[in-house]
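Letters A, B, C and D mark the chains as written, and numbering starts fresh at 1 in each.
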Amino acid sequence: MKKLINAVDDFVRESLEGFELAHGDLVKVNYDPFVVYRTDAPRQGKVALVSGGGSGHEPMHGGFVGRGMLDAACPGEVFTSPTPDQMEWATRKVDGGAGVLHIVKNYSGDIMNFEMAAELASESGTQVESVVIDDDVAVRDSLYTQGRRGVGGTVLLEKLVGAKAEEGSDLKAVTELSRDVIANVRSMGLALTSCIVPAAGTPTFELGDNEVEIGIGIHGEPGRERISMESADELTDRLAGPVIEDLGLNEGEEVLVFVNSMGGTPLAELYVVYRHVAQILDQGGVRITRRLIGPLITSLEMQGCSITILRLDDEKTRLWDAPVHTPALRWGA
Amino acid sequence: MKKLINAVDDFVRESLEGFELAHGDLVKVNYDPFVVYRTDAPRQGKVALVSGGGSGHEPMHGGFVGRGMLDAACPGEVFTSPTPDQMEWATRKVDGGAGVLHIVKNYSGDIMNFEMAAELASESGTQVESVVIDDDVAVRDSLYTQGRRGVGGTVLLEKLVGAKAEEGSDLKAVTELSRDVIANVRSMGLALTSCIVPAAGTPTFELGDNEVEIGIGIHGEPGRERISMESADELTDRLAGPVIEDLGLNEGEEVLVFVNSMGGTPLAELYVVYRHVAQILDQGGVRITRRLIGPLITSLEMQGCSITILRLDDEKTRLWDAPVHTPALRWGA
Amino acid sequence: MFSSEQAVDWVRRTAAVIGEHATELTKLDAAIGDGDHGTNMARGFRAVLERLDGLPEGANLGAVFKAVSMALIGKVGGASGPLYGSFYLAIGRELGDATEVEDGAFAAALRAGYDSVVARGKAQLEDKTMLDALHPALAALDAALADGKDLGAALDAAEAAAREGVAATIPLIARKGRASYLGERSRDHQDPGATSSHLILGVLADVVNGR
Amino acid sequence: MFSSEQAVDWVRRTAAVIGEHATELTKLDAAIGDGDHGTNMARGFRAVLERLDGLPEGANLGAVFKAVSMALIGKVGGASGPLYGSFYLAIGRELGDATEVEDGAFAAALRAGYDSVVARGKAQLEDKTMLDALHPALAALDAALADGKDLGAALDAAEAAAREGVAATIPLIARKGRASYLGERSRDHQDPGATSSHLILGVLADVVNGR
C-alpha cells in the first residue's frame, strides 16, 4: 500500500487538520468527537443541516460545509459510519433554534448511529428531523431488504436543501424538499480498480486486468455483476440506462447530470462519459440544463465513475443556481 | 489498460466534445485544429492569453479558459506539445487588437511549436509576446541544458496574469507580471505510480511496490531519484525543502501554497501533505495567506502529488482574489 | 452465579480474542461488505479496555456493562457499533447495581441484550446477521438451564449453537446490512457479525467454566 | 542525380519503416523521455502519406518536401515535429522547382535541412539529440562525394555513420529535450530522435541504391 499518509490510525485526524488549516475561513473542526462545522454556527433562526458518513469519500461531506450547503458534517473512520456522539455534538453545536435536519445515506450503520444521536439530541430538546437518501439503482429495492444505498444523489441533495435552508425556510419545508429530491434522483456506478482501505492495507476486492465491477458501492462493496472491459460508450449505456429507466424520464423533461469520479479516474475520461450521457438523453428528448462533473463522492483512489441524474423543476433549478461557498463547491460567491 | 475511453485515437477529441457539451456557456471548441476558446472571444482591447500543451493534464489548460483567466488553450495529443497551426488559429481567433501573450511551459517541443506559431502570427500582423515558465526545482538549472520544466506554477501564472489582462492592462504590463510571477514560483512533485499513455497502452515507467519517484515531471518523465516509500511527512519534506530553499523564502514573507494531485491521489491525502507544508512554513515564520488544493495539473491517472509555492505581494494577492469563472476554477462570480 | 469480576474478565478476554481474529473478521466483511468489521470491533474493544481501567474497584454489573456499551457506541461506528452497544447497554440495565446474580437472572439479561439488538437493527432471523448466531445460542442457553444444567454447561451449549448458527449463515442471502446489496452474490459467504457474536459467547463460556 | 520520384519513394517508404519501428522508438523515449516519439512520428508520417496523395503528378522536389514538412509540422507535435518539419522544409526550399538535381545539389539540400534543425532546436553536438546521427552522416556523405563516389555509395557511408552516431548517443548525458531533465540518469540510453534520423537516412540510401 503506497499512500501519502503517516500512521494509519492518524490518517483521518491529520487529513482533517490539513483541511481546517486550508479552509479555516469557512469551517472549524472539532477533534473529539470529529465534527466539521461552519465557522458562523449556530445561525440563529436557520434550519441547520447535519450530514455524516465514513471518511474516504472526500470532498463529501466536510467539503460541503459552508454557506448555502451543510452546517456540520461528521466524518467516521474510513468507510465506517460515524458514531452517535459525533452527530449529537454536531446537532447541539449548529442548532439555531429552528431545528436540525439529519441527512442520512441508507446504510444500516449510518441509520442506526444517526437514530441513536437523534434520540439523544431530542432528549435535550432539539427538534430533529431526518431524511434517508437511497438513490443507487444498482441495488434492487425491496421491502424485505436494506433497500438501496445512498450515493451520488447525496451531493445534489445537500446542495439543494442547503440553499433552501439558507433562504430561511422552516424545518417542515426543508424536510419536504429533501424527500422530493430523493424521489427524483437516481445513480449508478462502476469500478475499474479496487481501493485500499488504509487499516486493511490490501485491496478490498480483486478485479482482473480486463474486468469491470458494475453497480459498485462507494465503500468498495462488490457490485451486482462483473463483466469484461468495454468501451466508455458501452459502459456509459450500462449505467445511464437503468438510471434513466428507474427515473421514468419523459421527453421534454429537464435534468441535472452529475458524472462523478470514484477518485482515481482522471477528469478527461469523465468528459468522455458525459459526452455519451448527453447523446443518450438527447435521443430521448430530455434536456440537460445543469451539470456537475468531477470527483465529489469518491472511494479513496478507486478508478471508476458514477452517473447521477436529477429531475429538475423550476424550484430545484433555482436552488441549484443559488450561491454556495464551501471548500469543494463554490459559485455565486 | 483499463480506461473510460473509446478508440484511443478518438480520446482527445471525444473528451473535448464532452467538455464543450458540459461548459458551452463558457467555452467553445474548434476541432480542426483543436482549440478551446472563450465564447466571447475576441474581447476588443483586451490583451489575449493563449496557452497550450499536451493533453492528459486536465483540467489544465482547457479548464482555465474563461473570464479572468485564459482566452484560448491548445490541447495537443496526450503528453505531446500542440502544433503551430493550433496556436496560430487560437492567436488569430482571440486577438482583440491589444496583442496576444503566449504562455509556454519550458519543454523543447512546446517552445519550438509556439515559436513557429508566433512567427506565422506576427507575419499576419498580430502582436505576440511569449513567456516561458520553468518552475520545477527537481531539474537542476544550467545554461547548457534545456533548463527547468514548467509544472504547477503554470496554473497560478495563468490565474494571476488572466486577472491582470481582465483588468485592461496592456501587453507590456501583462508580460512583465508574467515574468515577475515566474521569478517567484517554484514546484516539485513525486509519483507513487506511473500512468499509462493510451497510445502506448503500458505504464510509462515501472515503479516497485515500495518505490517513489522524486522529482517526477508531468509527462511521466522519470524524476531525479528513486527512493523507497516513506511517510507523508517525510515525502513532503523532500518536496517542500528544495522549493522553499530555491525560492529563498524569508521569515515574515507571505506565500500561496498549491498542493496538487497527479490525478490518482485522493483529496484526503493532499490535506495530509498540506498539513505538513503548513507546519514547515510556520516554523520558518512564513505566512500562508492563500492556498489551492486539488487535481489541477495532472498526469492522467498517476498517483502522486506536487507542491508549488508562490511568493505573494499585494498585487499578486489582489489578482489571485479577483473574480474568475472557468470550468475548473471559479470564485467571485 | 455470575459476578462483576467474571463480567470484567469476559470483556477483557473478549478484547484479546477480537484482536486475534480482527483480520479474519475483516476478510469475511471484505467478501460481502466493506472490509472493516474486524478493524471496527478491535478499535471498539481497545476503547473498552481503557474504560474498564477507569472503573472503581468492585463496580456493579450495571456499571461494567454500561461502560462497555458506551465505549463501543462511541468507537466502533458502522452497523456493529450501535448493535453491540445496545446489546451490552440492555444487559447492564437489566442487571442494575447487583455485583452478583443467579444463573437465570444472567440468562434473562442476555435475552434483554438480544431483544435490544433486534429493536435497533430490525432484522429478522435468516437475514444473515449476528442474530443468526445470537438467537440459537440463547435458545440453547435457556433450554439447558431449564434442564437443570449449570451456567457453565449451558453456556457451552450456547457456544455450540452459535457456532452452528454461524455456519448456517453461509448459504443465506443477506437481507440486512451491506451484504444485502449483493443479493444472490451474498450467498456462500459467512457473515462477519455472526462470527464475532460467536467469538464473544465462546469467551463467556470459557470464563464461566474457569477455562 | 536525385528525382521527385525518388523523393516520393523515400518519404513513402520512410512512413512504412517508421510505422514498423514505432514501438521501438516509443520504448526508447519512455526510458529517458515521455514515451511518445514513435507514436508522434507514426502519426506524422500517416499524415504525410495523405498529403502526398493530394500532390499532382510529377510535382517538383520543392513541392514534395514542402508537403512533407507541412504534414509533419501539423501532426507530429512534440519536439520532433518542428525539428523534422524544419528539416524537410529547408530541403524543399533549397531544391525549389527542380524535378531532378545533381548529387552535389541534393547533398547541399540535406545540409540546409540539417542547418535549419540546428537553428530551430539550438542544440549542440553531443547533447544527445538527432543531431548526433545527422551530423556524422552528412559529414560522411560530403566526404564520399568529394572522393568521387556516387550518391548511392555516399549515402551508404552516411547511413553507416548515422548508425555509429546513434550508438554514440548511448553514453551521453542529455542536455536538450526531455531527457535532459534526467541529468546523469539519461546516460546509458539510446536517443530516440537520433534513432529515427538513422532510420530515415537508411531508407534514403536504399531508395537511391535501388534496393
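Assorted remarks:
Throughout what follows, contacts are C-beta pairs under 8 Å (C-beta built on N, C-alpha and C of every residue); 3 or more make two chains touch, one makes a residue touch a chain.
Worth saying up front: this structure is predicted, and the values here are computed from it rather than measured.
Taking the mean of C-alpha positions as each chain's centre, the chain lying farthest from the centre of chain A is D. Chain B and chain C, compared by their mean Cα positions, are separated by 55 Å.
We define each chain's centre as the mean of its Cα atoms; on that basis chain C and chain D are separated by 76 Å.
The mean-CA centres of chain B and chain D are about 32 angstrom from one another, to the nearest whole unit. In chain A, no residue touches two or more other chains. Annotation for chain C: no residues touch two or more other chains. If touching chains are joined by edges, the resulting network of the protein chains shown is an open path. Two chains count as a pair here when they touch; such pairs are A-B, A-C, B-D.
Those residues of chain B that touch chain A in the complex are listed here as 2-7, 11, 14-19, 21-22, 55-56, 58-59, 63, 192-193, 209-210, 212, 229, 231-233, 235, 263-276, 278, 291, 293, 295, 298, 300-301, 303, 305, 330-333. Residues of chain D that touch chain B in their complex: 26, 30, 32-36, 39-40, 43, 73-83, 85, 120-121, 174-178, 180-183, 185.
Interface residues of chain B facing chain D in the complex, by the touch rule stated above, are 33, 54, 76-85, 107-109, 112-113, 115-116, 136, 138-140, 144-146, 149, 197, 199-200, 204-205, 217, 219-222, 224.
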